[in-house]
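Both of the next two complexes hold subunit A, though its partner changes from subunit B to subunit C.
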Partner chain A sequence: MSPAGLAWRSLCGQPARAVLGVAGIAVVGALLFDMLLLSRGLVVSFRDILEGAGFDVRVTATDAPPLLGPPLRDVEKLTAAVRALHEVRDAVPLRTGRAEAIAADGSVLEVELFGSGAREGVGWTVLEGEGLNPSGDLPVVVNRRLAARLALAPGSKLRLRGTCQASSAVPPVELTVQGVVAFPFDAASGLTAMTSFAGFLQVCAGEEADLAELLLVASRREAGAEGAVAAIRRARPDLNTFSNEQLLNRLQRTDFSYFRQISFVLSSITLFFAFLLVTTLLTVSVNQRLGELAVLRALGVRRRRIAAGLLCESALLVGAGGLLALPAGALLALGLDRILRAMPDLPEKLHFFVFEPRAVLLHVALVALTGVLAALYPVYLVVRLPIAATLRREVVS
Partner chain B sequence: MPSFLATLPLLSALAVTPAATGAPPSILVTRQLAETAGLNVGDVVSLSCDPSGAAARPFRIAGIYEPTPDPMRLVAKRFEARLHLPDMIGLTADPRDPLSPESVTAINVALRDPADAAAFGRELEARVPGLVAVPTARPDDGSGPFVVLERFHLAIALVTVLGSTAFLLSLMVMRAEERKETVGILRLIGVSRRHILLEVLVEGLLIATAGAIFGVLFAWVTEGAVNRFFQWRYDTSLVFVRVTAGIAGRCVALAVPLGVLAGLVASWTLLRRDVVALLRR
Partner chain C sequence: MSAAPIVEARELTKVFPMPAGPVVALDGVSLRIEAEEHVAIAGPSGCGKSTLLHLLGCVETPTAGTLALDGRDVAALHDAERSRIRLTRIGFIFQRFFLLPMLTAWENVELPQSEMGTPKAQRRARTAELLAYVGLEHRAGHRPSQLSGGEMQRVAIARALANRPRLLLADEPTGELDEATGAQIADLLDRVNADGTALVVVTHNAALAARAGRRLAMRSGRLA
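Entry: the complex of A and B
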């Protein structure tokens, strides 16, 4: 009988034990798979959002996180200077503030307001109408939630009162809705509106002109993001210029590090748990079959063959459990992702658990390694088995 | 006098200068800032709100403090300084804004009865239009980031319990299988199933209790190491893991019945069998 056949017979001889072993490995394997998804999920998801915005380089005044530091000054000149660089395809300044949207019945809604420089229409998905076109009257594009709350459609009028400064009491300004769009960084419950720079300054009257919190830059394909970053740094070394990749690296070291660490800790624990489970099952199985194994050895079956049988038994347990772990892990990841995405103010498109083929490969490799390691001790027991003494003990008992 | 100090969280420019002859105003700086910038008590530093360092003013470091740990700012570098409010206004006031020297960002109010916070806020907002009064206690609506994290940890714990239960059940099944013949002999000499089951129950209870206590003790002993690692990693005095009596109680309350149940289920599969089958005769 082949080692695989021997292993199969051994498992079939103890079906309850085998099923429980496979179930245990499937559960811890599912957790391991989820932790592998979590370890890079935020980075992958955030990269998708950043790239979906259509800009691969960002410029801020200091190295404070984007939108939290001091603003860029002389933005008109800065934008022109950056646009003039050979490595840059487009540069768009962005201002942020808050406003109150006034409904027809006089009620107000808190709105996150953006003021954007002229752009080529990238950075959002247009759901209705068109993107921001600064040539018309005071233009505005709104997200779906704001459109639904105020029954807005392209061509509608939206009255906004700026609340950019806590102590200001500016009159409302009427803007023309040009489109309903999905912004990449929209929070699940956020109400967002984006207007032109001129529109922003009218809504947030009293705000200093020629400022921006962020300069969004799109590099030319031939130069790439790193080339554009280098060129902007050479032109304006006093500013903080970074590519999407550099931002992601920074976030991975800081804001996302908690989930990376928790995934590392839990992955290690689950692997140890799987190792312990398989080692215990195989060791007990070997101990219970010492007599049978001694007889096989006495009949001339070689050690290598019996050891291979044990490795196959481990592979069957771990393989079946590991395979079941993938769909179970995927279902579990959906639930865990839903729990974590309930955090306030997260971008709607951000996910904590993101499927990647490399996670499956890593999962398979780790589970296989665990299976091999877990079989080592039982194999050692079999290899060192004293045939005569074991047979004598078996007969006497 | 903390009530007269204001916080300047982001220092746009900071430079250490030799002690000046005049007495510059005193400030406090965080331990993290002092360590990174190599600052000591008595040093005179220049603070400016402008990234270029323009209009800098000298301040003397009167003390170094550990900032109150804030889980919401876990990954933020706590480079902070505390200034006397007039000094801070002098440093940050916008000369183009006549109201600037008279403005503060927020006023902290301590109420005699904290339960009045919401009513107080409403009354204040009604009396001073444009003012926003917010209670410092977060509403318990289940949407806070730490409530969500707690839910996530609970879900992970439940999955771990599921895996552990499968592990425990297989161990108990193996244990029961190993004792098949002993149980058969006991049955043969007249010991009732109920008696054997009771014995298994007591044994399971002892093993489960010992395991649960070991688990709690292990968590309690490693608590310090986990906290020290994360405190070092994030340069904070925040406590990440705390084994409280409530958590220990919950662990024991969950682990002991599960252990006993696993033992009973495994043994019952054995006790159901015929004595002859147990003895393989």
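Entry: the complex of A and C
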């Protein structure tokens, strides 16, 4: 009988111990799997959102986080210059502000307002109607929640009063809804509208023209994001130009690093618990079977083979528990993700736990390593087992 | 009976270091066991019988003296080599049977053959032959917990014979059995010996010792 066969029979011979062991590994493994998903979940999810917008390079005035720093100036000229670069396919300036949407009954809703300098509708998914057509008469596209709250559809009129400058009161402006869209960075409960640059300046009357908080750039495929970044930096070294990847790297070092650190600490703790659990189970099992093991040795079974049997036993416990941990961890991750995403003002598409094949591979590798390490002490006990003394003890006991 | 002895021990000494001071379990024991011989070793508890058996079975190394099995000095061999000798040349029977509880009688008998690398067809034939030899072919699929004490000891004897050892070492083989069952096991051991396997039995049981061709008495680590 092979070491694996003996290990299997040994586990079957003590079903309660085996079931408890597998259940324990499954619980600990599920937590480990979740921590692995969490460690990169935000990055992966954020990358998806960034790439979903259709732009791979961003330009801001300073190195402050996008939309939080001072605006870009001379945007019309800047946009034209960037669009003229060989490495650039398109560039779209973006303005941000706030407005009040006035309902038919006179009630108002706080709305996040964007002004887009796009030549054609880009950067969102059209759900109804069409995208923003800047040549239209004060066009606007709205997100699904705003459309639902105000019963808007393509062709409807939307009255917006800008609150970009809190100190001044401006009259409302009527815009024509061209479409209902999903914006990549929409918050779960956010109301969002996007109009043309001209529409934005009319709604936020008094705002300085030719400004933008952000310039979104799409690179040409042959140049790639890094090529476009380099070209823009050469043309405008005074501005802060970065690719999606560079933004993600910065976020990984700053904001997202807390999640990575938490996941690292919790992963280490769960692995340590798994190690303790398997070591304890195997050590107890070995101590209960010292007589059997001594007899096996007396019969001529080699140390190596008995050690291999213990490693197989560990592998079976850890393997079964580790496999069960994957669906259990996935279910747990769904629940935890739902809880975390309930935080206000987070983009609706942002997830904290994101499935990746590499997380499964890492999970398998870590669990396997834990299984091997956990078997070392019991294997040491078996290898050092004095046959005659153990047989004497067993007879006396 | 061949001229070369199976076992030739000279001045075997075994000292166990203990916190209260060293304990001399064997004190210069010399012993020669011929092929197909039946030897019984008797003596009071703690006189060193089991220690002598463990030394003869290569599960213990002597503190001093020499031990040759089939003319080969085994005292200085590495663990792997001694394992190989135990697997191929020596059979063990224990007072408490020590069958593997998760394996059936068949699997317990097959285990040493599997360890030796015997091909499957040969293993099957040998296992069936041995279970028939000990009268347990009908219990092949039963686990030790489903067998009586006498049946477990018979399975243990079949397991000990699995690789056709030249020497069978039995440590109180009837110690856990009632008188009638013990007598059946003694009959079986006699048959094993008569079929050509040298047998060394360590026992308190006078009746069992009386069946041996040669009876040795031990006292305080020495052969009397």
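The criterion applied here is as follows: the second predicted complex is superposed on the first by the 395 of 397 C-alpha atoms of A that agree within 3 Å, B and C clash if a C-alpha of one lies under 4 Å from a C-alpha of the other, contacts with A are read in each partner's own complex, and residues count from 1 in each chain.
Following the convention adopted for this analysis, a residue touches a chain if its C-beta (ideal position, glycine included) is under 8 Å from a C-beta of that chain, and two chains touch if they have at least 3 such contacts.
Bear in mind the structure is a predicted one, so any value in this text is a computation, not a measurement.
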- request: State whether subunit B and subunit C clash or fit side by side on subunit A once the two structures are superposed.
  value: fit
- prompt: Should A:G335 be classified as contacting the first partner (subunit B), the second (subunit C), both, or neither?
  reply: first
- prompt: From the CA centre of subunit A, what is the angle out to the CA centres of subunit B and subunit C, nearest 10°?
  reply: 90
- prompt: Which of the two partners, first being subunit B and second being subunit C, lies in contact with A:L277: first, second, both, or neither?
  reply: first
- request: Classify the contacts of A:I387 with the two partner chains as first (subunit B alone), second (subunit C alone), both, or neither.
  value: second
Field: Which of subunit B and subunit C A:L266 touches, first, second, both or neither
entry: first
Task: Have a look at where A:D238 lands relative to subunit B and subunit C in the superposition and call it first, second, both or neither.
output: first
Query: Looking at subunit A, which partner touches more of its residues: subunit C or subunit B?
result: B
- request: Please state the minimum Cα-Cα separation between subunit B and subunit C in the superposed model, rounded to the nearest whole Å.
  value: 10
Statement: Both partners, subunit B and subunit C, contact subunit A at residues none
Field: Contacting residues of subunit A [partner subunit B, same complex]
entry: 14, 16-17, 20-21, 23-24, 27-28, 30-31, 61-62, 64, 69-70, 166-167, 169, 238, 254-255, 257-258, 261, 266, 270, 273, 276-277, 280-281, 284, 288, 332, 335-336, 339-340, 342-344
Residue ranges of subunit A in contact with subunit C within the complex: 1, 9-10, 12-13, 291-292, 295-303, 305, 387-388, 391-392, 394-395
Message: List the residues on subunit B that touch subunit A in their complex, please.
response: 10, 12, 51-52, 74-75, 99, 103, 130, 132, 143-145, 148-149, 151-152, 155-156, 159-160, 162-164, 166-167, 169-171, 173-174, 177-178, 230, 233, 269
Statement: subunit C contacts subunit A in the complex at 50-51, 54, 57, 59-60, 79-80, 83-88, 90, 92, 94-96, 98, 100-103, 107, 110-112, 114-116, 159, 163, 171
